[in-house]
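A, B, C, D and E label the chains in the order they appear, each numbered from 1.
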Amino acid sequence: MARVTKGRSKKAGLPPGTLMHIGARKVQEPKITILDYDESQFHEREVKAIEECFIFKEKPTITWINIDGLHQTEILEKLGECYGLHPLVLEDILNTEQRPKMEDYGDYLYVVVKMLHDKGKKGQVEAEQVSLIVGPNFVFSFQESGGDVFEPIRERIRSNKGRLRKMGADYLAYSLLDAIVDYYFVILEKLGERVEFLEEELVTNPKTQTLQEIHHLKSEMIFLRKAVWPLREVIGALERGESPLIQKATSLYLRDVYDHTIQAIDTVETFRDMVSGMLDIYLSSVSNRLNAVMKVLTIIATIFMPLTFLAGVYGMNFRHMPELEWRWGYPLVWAVMIGIGAVMLIYFRRRKWL
Amino acid sequence: MARVTKGRSKKAGLPPGTLMHIGARKVQEPKITILDYDESQFHEREVKAIEECFIFKEKPTITWINIDGLHQTEILEKLGECYGLHPLVLEDILNTEQRPKMEDYGDYLYVVVKMLHDKGKKGQVEAEQVSLIVGPNFVFSFQESGGDVFEPIRERIRSNKGRLRKMGADYLAYSLLDAIVDYYFVILEKLGERVEFLEEELVTNPKTQTLQEIHHLKSEMIFLRKAVWPLREVIGALERGESPLIQKATSLYLRDVYDHTIQAIDTVETFRDMVSGMLDIYLSSVSNRLNAVMKVLTIIATIFMPLTFLAGVYGMNFRHMPELEWRWGYPLVWAVMIGIGAVMLIYFRRRKWL
Amino acid sequence: MARVTKGRSKKAGLPPGTLMHIGARKVQEPKITILDYDESQFHEREVKAIEECFIFKEKPTITWINIDGLHQTEILEKLGECYGLHPLVLEDILNTEQRPKMEDYGDYLYVVVKMLHDKGKKGQVEAEQVSLIVGPNFVFSFQESGGDVFEPIRERIRSNKGRLRKMGADYLAYSLLDAIVDYYFVILEKLGERVEFLEEELVTNPKTQTLQEIHHLKSEMIFLRKAVWPLREVIGALERGESPLIQKATSLYLRDVYDHTIQAIDTVETFRDMVSGMLDIYLSSVSNRLNAVMKVLTIIATIFMPLTFLAGVYGMNFRHMPELEWRWGYPLVWAVMIGIGAVMLIYFRRRKWL
Amino acid sequence: MARVTKGRSKKAGLPPGTLMHIGARKVQEPKITILDYDESQFHEREVKAIEECFIFKEKPTITWINIDGLHQTEILEKLGECYGLHPLVLEDILNTEQRPKMEDYGDYLYVVVKMLHDKGKKGQVEAEQVSLIVGPNFVFSFQESGGDVFEPIRERIRSNKGRLRKMGADYLAYSLLDAIVDYYFVILEKLGERVEFLEEELVTNPKTQTLQEIHHLKSEMIFLRKAVWPLREVIGALERGESPLIQKATSLYLRDVYDHTIQAIDTVETFRDMVSGMLDIYLSSVSNRLNAVMKVLTIIATIFMPLTFLAGVYGMNFRHMPELEWRWGYPLVWAVMIGIGAVMLIYFRRRKWL
Amino acid sequence: MARVTKGRSKKAGLPPGTLMHIGARKVQEPKITILDYDESQFHEREVKAIEECFIFKEKPTITWINIDGLHQTEILEKLGECYGLHPLVLEDILNTEQRPKMEDYGDYLYVVVKMLHDKGKKGQVEAEQVSLIVGPNFVFSFQESGGDVFEPIRERIRSNKGRLRKMGADYLAYSLLDAIVDYYFVILEKLGERVEFLEEELVTNPKTQTLQEIHHLKSEMIFLRKAVWPLREVIGALERGESPLIQKATSLYLRDVYDHTIQAIDTVETFRDMVSGMLDIYLSSVSNRLNAVMKVLTIIATIFMPLTFLAGVYGMNFRHMPELEWRWGYPLVWAVMIGIGAVMLIYFRRRKWL
């Protein structure tokens, strides 16, 4: 997901169901991993050809196929044919500019969410699209690149800790979603630190870069909202459990993810409020500093302009200027000048400019 | 669709159902093209008189009549009479200032959408109204001018690739809508590039034109919203499939268009957020530059005003000014002046103005 | 409808149903016109006393009584008694500060809408309240002053063109509403021209009056919204056809008016967006001009202050100032001065101030 | 109702139903008035002890007990015991910081609304809480202080004019609410005058006090909204007539009050829009004036700095300054100076600064 | 609840139901208090081990277990096991960054709310999470630290005053919620005082700290909203009484708490409006002061620049300057200078700058 949608236009004019990868190609070679398990056993394997996965189709065990890298569309085509996936689903998986959504196709559910990373430059948050297909005994997950937040889940399957191996494909899907949403908080905390740091900097020492940093954070928030808000609907739809593929027991866990999503949204909105409040403060403090600068200028000008004028007067070359001949003329002028300066200073102190 | 509604007022006072073209006349001569097909055969023809189309009315094949150019109201009148279209529908087709909408007249559906172009000057987005009438075995499309985004669909009909020839009039209507919505992304990407370019310019080198460019982009967004937002309702109403004219299978495809519409809306809203954030940044940076300018002025004035005053003092012509007679008076004054300047500079450095 | 509600307070403390005209008295003498028609015949008459109208009550023909001028409350009283109108309806007709609304009293519908005029000074939009009472075979319309947008409808009745004479009282009511809403677009187009003119002026040559003009337009928008927004509900309620007084066939036509209302609302909202965007632009360009002014000042000061200082130095009267005796002292000082000025100019060019 | 909730915290920790007066004690001594009537007779009496009222409890006549002053909680306690009022109702009556609300307790309805006054200093609007308890044959009204808007209703009961004596307790309650809402318009018109006055002042002669006046009006609006908005729900709930205590006939009248409430809300919102627009205009005109001030400064400085410099040059004391010896040197310098000044003035005129 | 969510990320990757305390450890040692009562008797005890509480499980009396301090997760584990609490509930209790919510688990209700304190530095509001588990005959309350608002409730149980000992566990839960919400008003009143103080300071003597204080108050409001808004839903859900655990009688009391919640929300929103209005006023008054400063500068410069220029002219050393020889040259120049100054002053007075 780029900041600004890109590449989506390439599809204009093509018939629906045309498989074409939209988005940046992020890995060299797609990587297909398969994890097949039930309570008593499990297999884990990285396969070269997607056909190797099809043997698990008829087995009652839970099959989790994870594919990293989407640009080889023929992998998807074969998988879709074998499992009877709708062409529009395949098309959507390849279009990584999707909005998070959930679609119920009867035999399976299609879920699109955004996985957040912060590997980007300057701590910029990046999003990667993760598509899930949840069937009665299988879960397929599609990622744009390797390196995900699912490792702890694989570990739990391997070690048979907790509930995971005992429950169905819906629970596995829940676990994947939970892992993704949980990672949002890692991202949000880092953002929170930047927000707090910025807030302090704003109060103690606002600089021109502060403005740009505020602007960057604001864009980040717009970006995050786009990823997080629709998730609420997605998880909510899953939780309401209208699909027979989601069991009651799992539904309770999905409610928990739902709560986390709401919390993530809340946090993003709070950050937004804080950041947009900062801009006001920044503007105010810029105005304040302008005021301070102008006061210095005005004080200097108001004191020295009359004095310079006076000096100018007694620098005139008129033949008849009686003051010039006075014995105490010069000290007197100094006295007048110091007097004027003092009066001005007192005036400015009264006006609280000093 | 002009930026500001125009010509609509000409109709005030006329009875409902009065056929009158509202909007700019965009083509010389209306152009009527007919495409009649079923799975096994297809006819394509450009006709001179609309009456030539009526022979297809009783045939079971799918008939797609496309009319470019709306100012010859009698064409519409005849078509409406032959196919029994409601006078209000005909009136609405001719009023190109319509808001996108969908109306179910029982025997046929009437759909109005906006097709976007960017052929306008300075990359300005332009919208053209496209009206669709979808019946059990016919689709009529009405455009203001030639040059549309439907060419790939004609090509698919001719070459009998994909599903199009196998399915009904509703699928054809879907294909037309899909083509229109897909083209939105072409427009949006170009806009996105302008937004990004502007954002960079704003940070590196904000100019007065930047402000006008922001203003233009903002107007563009207001304009786009008007075209895109109502589409959501239109496609949503079609997708919910309350009309028997829309089949279940097509409904699934319409959901896909619906998703694209939401995505387009999302993108427009994101651009809006970004552009309105830019204005704040622009204003802040203008203030910042004012601050910088004022600091220069203040520094110069604060350094040279006291010095000029001092020079003025020793330019006075008092007879009794002992300093003037001193051997080292002149170098001493220079020393004092340099001292004052240095103190000022140190003061400004302390205040971080330098 | 004044900009700010006025005169409404006179009623505080009076019992409900008290007939009292609220609003400006706009005509000398109330004018009562009656138009009675069916498909085959029609009568048109201006009557002096409202009692003359009562003979039509029992006839099956459609009776349209139009009253211009509301301050003679006894006319209304008699009419209400004869046709059994609820006292609250009569009270509401006289209160011209009403919000547009629709009330179903079973035997008749009571509709309040705003008719817009632009006869006001400086192109200011003015609104006049129009009340309609729609019964099974009668329509009463009440206006604050003469001069309305109903003339084309009267003409259509007289000439028996179109559907009007063939259909019931509900269709007549629809026609009146349609005429009122159609006239909104005349007003909106004029406003649109002012908005566009202002926008251009803003970019090319912003003046202090521009600000006031923006403020006026903004107030106009607030005012228009109040008139147009509630109309949506009014027409929507009529269109949903819950009252048996509205026939199915007319309902379709009301949907058309509903669409126009939405379009009018859309246009008002677009104008609002444009006008409030203008204020931002205005403020920015004021800041920009301040910046330009300050740059001129700063450049002048920065160049001439050091030079004046230098001139001041060599205007001092110290006895021992070796430079003064130099042969080339004076040209040298000029050279230094020109040098300083040139350096400053280069510095400003570098900073892009020139 | 103070601007900021006060005294509410005293109740923290007390059990529910604890009777404690929250709010300022506004009268010396509570005043209890009883008005008992049916169509044929009526009694009006001011009683010292609340027990005197209880004799009316079993009578079929309508009893209206009005209590001004809430700090003697035992009055309420006795009344509550006699008529079986819920402790929470009694508690709410005493808490004058309530939000307007309506609660249906089966045997009676409990209604809280705000009565507006403008007796406050500087035209500030003040609100007083009025609680109504509406039973089958009684209405109790509780006010914080004497001096209310109910006098015309008492008069109507005494004189047996209109419908009031013929109808039930619900109609009496309606009349009280109507009187309160009608008085809102008196307040709103006064506010409207202040808004209009301010608007004119803003355009013709904005002062620093204008800013504070805008701020005050804004606070007033926030305050009014809090009183008016919830009323909509309150009256709406009454009007929908879900309680058997409200008869159909009265329901129609309540709809009228509902409309007035909407109109009051509309007016408050319009004022809010106008006032917040004013702040923008104020800020813009402050900026404009700053611009004007700076132009004057810049023009003066730009003209006189070069001239002073020139004068300074020929005030230098170099021995070899050929110009000083010229016969026409002095007039020449004057000519040059006037020339420079004229060029500057032309330049400023071109830039439209003059 | 920290300003910015912290520590939440530690859980990313852990399986659901993992018990881990998130949030600051606020007490040394968890403190467990048990209060068991019915109408006739009551026991109060502080226990060391949670197992001591389990003996009350089967008794028909109401058991209230309160736990201060959450970091010893094994306490919760044992309690959960004994009473059959869902692992997700236990997890949520330990995660003190929860959003207020209510969950119905059939056998018991799980309620999370925020308890506000102002013990923080500089009057900063702090929130502590309170979790309630409400069963048929037990209430468990979990707090982050000791020192709560429940003492009056304990006192009421001990002294058997009021309804508390006569009613069920739902009424106890209501009492706890009521105590928490009541304390909000204590906090809100203190905030209200700060708001009012700030408002006055803003008008009389705005300082740079005022800006920071406004910013702090704004953050406080964002923070409060997060605590208060969701409460509405929580109490609303309890009040609607869909759970058999909440009796009808209690439901009425919950409506009262609901009203208080709405009132608290209202107050927070009013404060928000007031505080954000303040920022506008602050900015305006900063601009106004800048204007005042600039006027002083401009007046001084405009008066003294021409005078200094004149003095400079007669300080020139041209040989032929006839004015210098005039007998009354010097006084004449003074007269001219005073004249210029006077004209300038009159000009400024006319422009209302003085």
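Here is the rule we use: a residue touches a chain if its C-beta (ideal position, glycine included) is under 8 Å from a C-beta of that chain, and two chains touch if they have at least 3 such contacts.
What you see is a predicted model, and the numbers here were worked out from it, not measured in a lab.
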Any chain that touches chain C and chain B: none
Angular offset of chain B relative to chain D [C-alpha, multiple of 5 degrees]: 145
Chain centre separation in whole Å, for chain E relative to chain D (CA means): 26
Chain B and chain E, separation of their C-alpha mean positions in angstrom: 42
Interface hub residues of chain D, defined as touching at least two other chains: 283, 287, 290, 294, 297, 301, 305, 308, 312, 315-317, 321
Ring order of chains, beginning at chain B and proceeding to chain C: B, C, D, E, A
Residues of chain E that touch chain A when the two form their complex: 3-9, 11-17, 86, 88, 91-92, 97-99, 101, 103, 208, 211-212, 215, 218-219, 222, 226, 279, 282-283, 286-287, 289-290, 293-294, 296-297, 300-301, 304-305, 307-308, 311-312, 314-317, 321, 323-330, 333
Residues of chain E that touch chain D when the two form their complex: 149, 151-152, 156, 161-164, 175, 178-179, 182-183, 185-186, 188-189, 192-193, 195-196, 203, 252-253, 255-256, 259, 262-263, 266-267, 270, 273-274, 277, 280-281, 283-285, 287-288, 290-291, 294-295, 297-298, 301-302, 305-306, 308-309, 312-313, 315-321, 353
